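These notes open a run of structures that come right after.
Two complexes come next, and they have one chain in common, chain A, joined by chain B in the first and chain C in the second.
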Partner chain A sequence: MDHQIYILVVEDELEVMDALVNDLEQFEKFFPVESANSAEEARNVVNEIYNAGNEVGLILCDHVMPGQNGVDFLIELEKYLDQHSAKKVLVTGQAGLEDTIQAINNAHLDYYIAKPWTKELLEDVVIAQLTNFVMQRHYNPMQFMMILDSVRLSEYMRTNHITDH
Partner chain B sequence: MAKGFKNRKEILQFIKQAIVESNDLQKLLTTFKKGDVLFKQGDPISHLYLLIEGTVNLSHRRDDGSNLELITLSPGHFVGLVAFTTGNNSVTTCITAENTIALCFKQDEFDQYLTANPKLQVPVQQLMLSNMSDRFLKNVQLESKMNALNKQLEDEGVQLKEAFEQLENSHQKMVAQEKMATLGELVAGFAHEVNNPAAALLRSSEMLKDNFMDSENATAKTEIFKLGLVSKPLSSSDIRSRMLTIQKEYPWVKERSVVRKLAQMPEEALKIINKKKKKIPVETLVQQFEAGKFIHNIQVASERIANLVKSLKSYSRQDRNVSDMIDIRDGINDTILILSNRLKYLNLELDLLDIPQTCGKMGELNQVWTNILVNACDVLPHGGSLKIRTRSEGDYKILVEISDNGPGIPETVLPKIFEPNFTTKNQGAKFGLGLGLAISNEIVRQHGGFIKVSNNENGGASFQIILPVKEC
Partner chain C sequence: MKLNRKQLIGLIIGLIGLIIPFFLSIEGLSYAGHVALGIFFLAAAFWMLEPFPIYATSVLVIFLQILLLSKQGFLFQEDSAAYIPDAYTAFIGTLASPIIILFLGGFVLADAAVKYNLDRNLTRILLSPFGSKPGSILLGLMVVTALLSAFMSNTATTAMMMTVILPIMARIGKTDPLRIGLALSIPFAANIGGITTPIGTPPNAVVLGALSNQGINIPFGEWMILATPLVVIALLFAWILLLKMFKPEASSIEIDMSGKFNTSQNAIILYVAFGLTVLFWVTESLHGIKSAIIALIPVVFLTLTGVVTKEDIRKLPWEVLWLVAGGISLGISMKSTGLAEWIVGSIEWNSFGTISLLIVFAAVAVLMSNFLSNTVTATLLIPLAVSLATSGIAGEGFNLVIVSLVIGVSASLAMMLPISTPPNAIAMSTGTIKTSNMAKAGISIGLFGIVLVVIYALFYWPIILN
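So, the complex of A and B:
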């Protein structure tokens, strides 16, 4: 595959961002990780990624940040990324019910992880979401068998008559 | 010849004279002893009585059995007049109050008497009319009195209702304050509980750090570990640009995650890696650096927890009934720290000029700042700015001003804003009874100050809290 699928981490507290990125280390060979400390920076990073001919497969986003909050950012992004179906996950301790409902309804939020997270949960969610992404974008699943959900990918290959060439 | 009588007394005189002159009339005189019953309520009356001497009491028994004393009639009054004229049964009971003499006219023979004694006709008529008009007047008086009493009752009813409402409000305020007190106790209790492990955490992480820093071992691994111990995290944009540089300078490093880690290392650390790259794998040294970095992160996080706990304890000072000389700015800073997550996405501008200490209860005043700041956060859900200012006003007053650039407060709402149970928040408010500002107002007033609310010229609302400078 010629272009890269990125994982984007949006978090303003540097230590927390560090921890999240560290937990994603095993995915980096297949899905490079980028980070941003604010919604505004995230927007720029997303633009750079797409301008370089790559795409964003998964966004892990905090909610309470200076400037635009995570939910508003994801809702805005939804309009922009409409046809690109990047998976959106909120990682936060502080989104109230109303904000979360907004994110679900208007940003098609795919998952919500409450802080503090465990590495196991984070990995499971990332694998599941990126598996969904890869299937929805009709990428050849073979290249991701080692890192994503091989059971679902195999099933997908079977039902779509994809052969491993 | 009809003669006009001036009053009942004259008529009575005339009749008394007539009695003396007439045997028939004398036959009609009856003497009653005190306590004699002339007629009872509900009975038909056979006689019409005209009192010549003595007095009688009229009373009426009510449905519930209680007795109502109506009137005492004196000489010159007819008794049994209503029953006589209407033919109905008596509505009253008549009992003599003393020895009494009365002319007792048999009802069916009344006309005969008058014909036999024509000069009695006019006086008797007049007397009857006078009696009737007396009764009518009395009725009017009673109606008027009843009306006045009713009005009084109504007014008292209204007062009672108001008093009850005030009581309800006070009760609710008390309940809310109880809740706050309980919550305050929980918070203070929690702060004390967490204080110990937080202190242990802080001390241990610092000692761990010092332990390694003091190590005399001068190997590359130890050196790079020590550098990790003092490293500072980089912003994502800095990491991004550094990664580009690292990729150029270390083209043999293929793993992106390793590139990122190198990008976060200071020049000194990179020098060590370069120097040892033939002997020690990059990943090993990077791992050492990371170990140092993690310990540093632990120490930084412990410090943050310890500070929060300290502020929480200070914020929730439970010695409610003890006033102390305080610098209000300390409480404001504690409050801001405690609320830092809620305030994070706002532009917070602090202008805390020097103010003198004053006598007050820090825990209570902190409630006031918290209440106003949280309200401001609620009206700025998508961001905005918040200004907190303190300054002296002359020698004797302190001004604390909290203003936002939100939608402001509608003019219709402004006068009601400190009323208990007044809220513009919907059912979503978890703890709210609409009492926050009411309680805040009361706290400030108990400190001898007052709160002023106004809308800013260029949008948003401003809360000005004025407090007196005084000794404890």
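So, the complex of A and C:
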């Protein structure tokens, strides 16, 4: 695959970051994982990814971080990414109702994972969100059948007029 | 647009192939034949090495024929003794030839069936009598897949059946060979099932298109009578093969297929249109209404009633129609310029004998379509077979219809590699099977298929056709 779809993890606490990246191990082969310790760093990472002709498929983002907080960063990103709608997931224990509403309304938040998470839940969410992403972007579903939700991808192929030749 | 090495080679060979005949003087071949040879080279190189999508090459072929070979083109505005040019309408007309309209009808029906879940609900009903033993479930899945792919595209059928078998596969043991058997059963059954009806898969269209250029019309029902016994045997062989190669460990498996038929007004209109169309198709020899005319029934009724909308029409696989039309169009020139006859005449066919000729065509078709698109395989081989048969060079026993069927059917029996057919690619993408699994089973089916096709060509088809 020349074109890479990244998973971006934004988290200021190193231990938590390590745990998240560890739990995402099985996706690495298909979706390279990039990490950033702050919103500012994440912004640079996003820029680098797009400048190299690749894109971000999924962002897992903490809320409370030094500097810009997670929700504000996601809102900013929503404007920046425009039609490239990367899937956005908050992984936090500390986003209040107000922030969460903000994230849903203005950043098109796709999922909220409350800390502490389980590996199983995290994997399920990543699979579901990335499946949404590749279908929305009309990527060839076959290249993701092994790692993402193969039943939904098959259903997508069934209803999207792929055919013999 | 970036071309890889293979594509670049294809592009260069194609362009050189197009130009070379202009600088040669081949004895026994008219000037128009030279031009057609150039177009044939280009088409073959582009279709095989795919510097461009195959449907794009098809349209290019039609366009080049108009520019270079039609009465309205640059080279042949006047009739001559050597070549009477066709009007350009003959070439663009292939885009609306009866076989294309037949496929259009099939597409509309199939897409509406998917839209209203008819395919899934039929699967649910048809699978229930097969119980829960792995062997019989496998047979049930294959029968249903083949049946659906006779009327829908093999690829869409495979995708739908994947949604049925993936949950089953998740429930059985990771090391149970049944998983591999299941994953292979669907694409194999879909590839084989496509042979059953004229609309089952595009190579069938190429066969029918070539025959209709020769003034031979095979009714829908007759095709089914010709093809179905072969499909049944090939399917049974594939079933036994997969059971033997991948002995199930699980003693019983469950299929959870809940759901019910859509009973909205639109869905019921679709069921009726589907039933009526198929009924009229299979009884064509009784009432004599051509299948392409019947194919307009679903197109008319489903659009009038809004069951199929503008959006649905836009999403039809139009590129497949282009692909088939390009092939039919190429066949026109190969015949009218005398090119096909020349190619055929340049080989000593007499030394072969009918049986070995049939074996050669079957084997070459299976081999080619393992690596190429099935439709392209049929498109490139059938004009040769047609001129071989019509020229009489190969002798009395070499029947035009039979050799075309041999090629068309053999093109669908290639399933050795993930690239052989889109259904194979889908099965492979699940990660359950290794290429070696597919290759071993696929080669067995290919070899068995060649034998089977030749036996039918010698003993069964002549009885039906005469």
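The criterion applied here is as follows: the second predicted complex is superposed on the first by the 161 of 165 C-alpha atoms of A that agree within 3 Å, B and C clash if a C-alpha of one lies under 4 Å from a C-alpha of the other, contacts with A are read in each partner's own complex, and residues count from 1 in each chain.
The rule is simple: a contact is a pair of C-beta atoms (placed from the backbone, for glycine too) under 8 Å apart; a residue touches a chain by one contact, two chains touch by 3 or more.
Owing to the predicted nature of the structure, the values given are computational and were not obtained by experimental measurement.
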Put chain B and chain C onto chain A via the superposition and say whether they clash or fit.
fit
More residues of chain A are touched by which chain, chain B or chain C?
B
Considering only the touch criterion stated at the top, classify A:Glu15 as touching first (chain B), second (chain C), both, or neither.
first
Between chain B (first) and chain C (second), which, if any, makes contact with A:Asn51: first, second, both or neither?
neither
Contact-wise, after the overlay, does A:Val33 reach chain B, chain C, both or neither (first, second, both, neither)?
first
Which of the two partners, first being chain B and second being chain C, lies in contact with A:Glu155: first, second, both, or neither?
second
Geometry row: CA centre of chain A as apex, chain B and chain C as ends, angle in degrees (steps of 10) is 150
Who does A:Met142 touch here: chain B (first), chain C (second), both, or neither?
second
Chain B versus chain C - smallest C-alpha distance in the overlay, whole Å:
18
So in the complex, which bits of chain B are touching chain A?
233-237, 239-240, 255-257, 260, 297, 300-301, 341-342, 344-345, 382-383, 428
Chain C - residues contacting chain A, complex
54-55, 111, 114-115, 119, 153-156, 159-160, 162-163, 166-167, 194, 201-202, 315-317, 319-320, 323, 373-375, 421-422, 425-426, 429-431
Inside the complex, what are the residues of chain A that reach chain C?
141-143, 145-146, 150-151, 154-155, 157-165
Considering only the defined contacts, which chain A positions touch chain B in the complex?
12, 14-15, 17-19, 21, 25, 28-29, 32-37, 41, 45, 64-69, 72, 94, 98
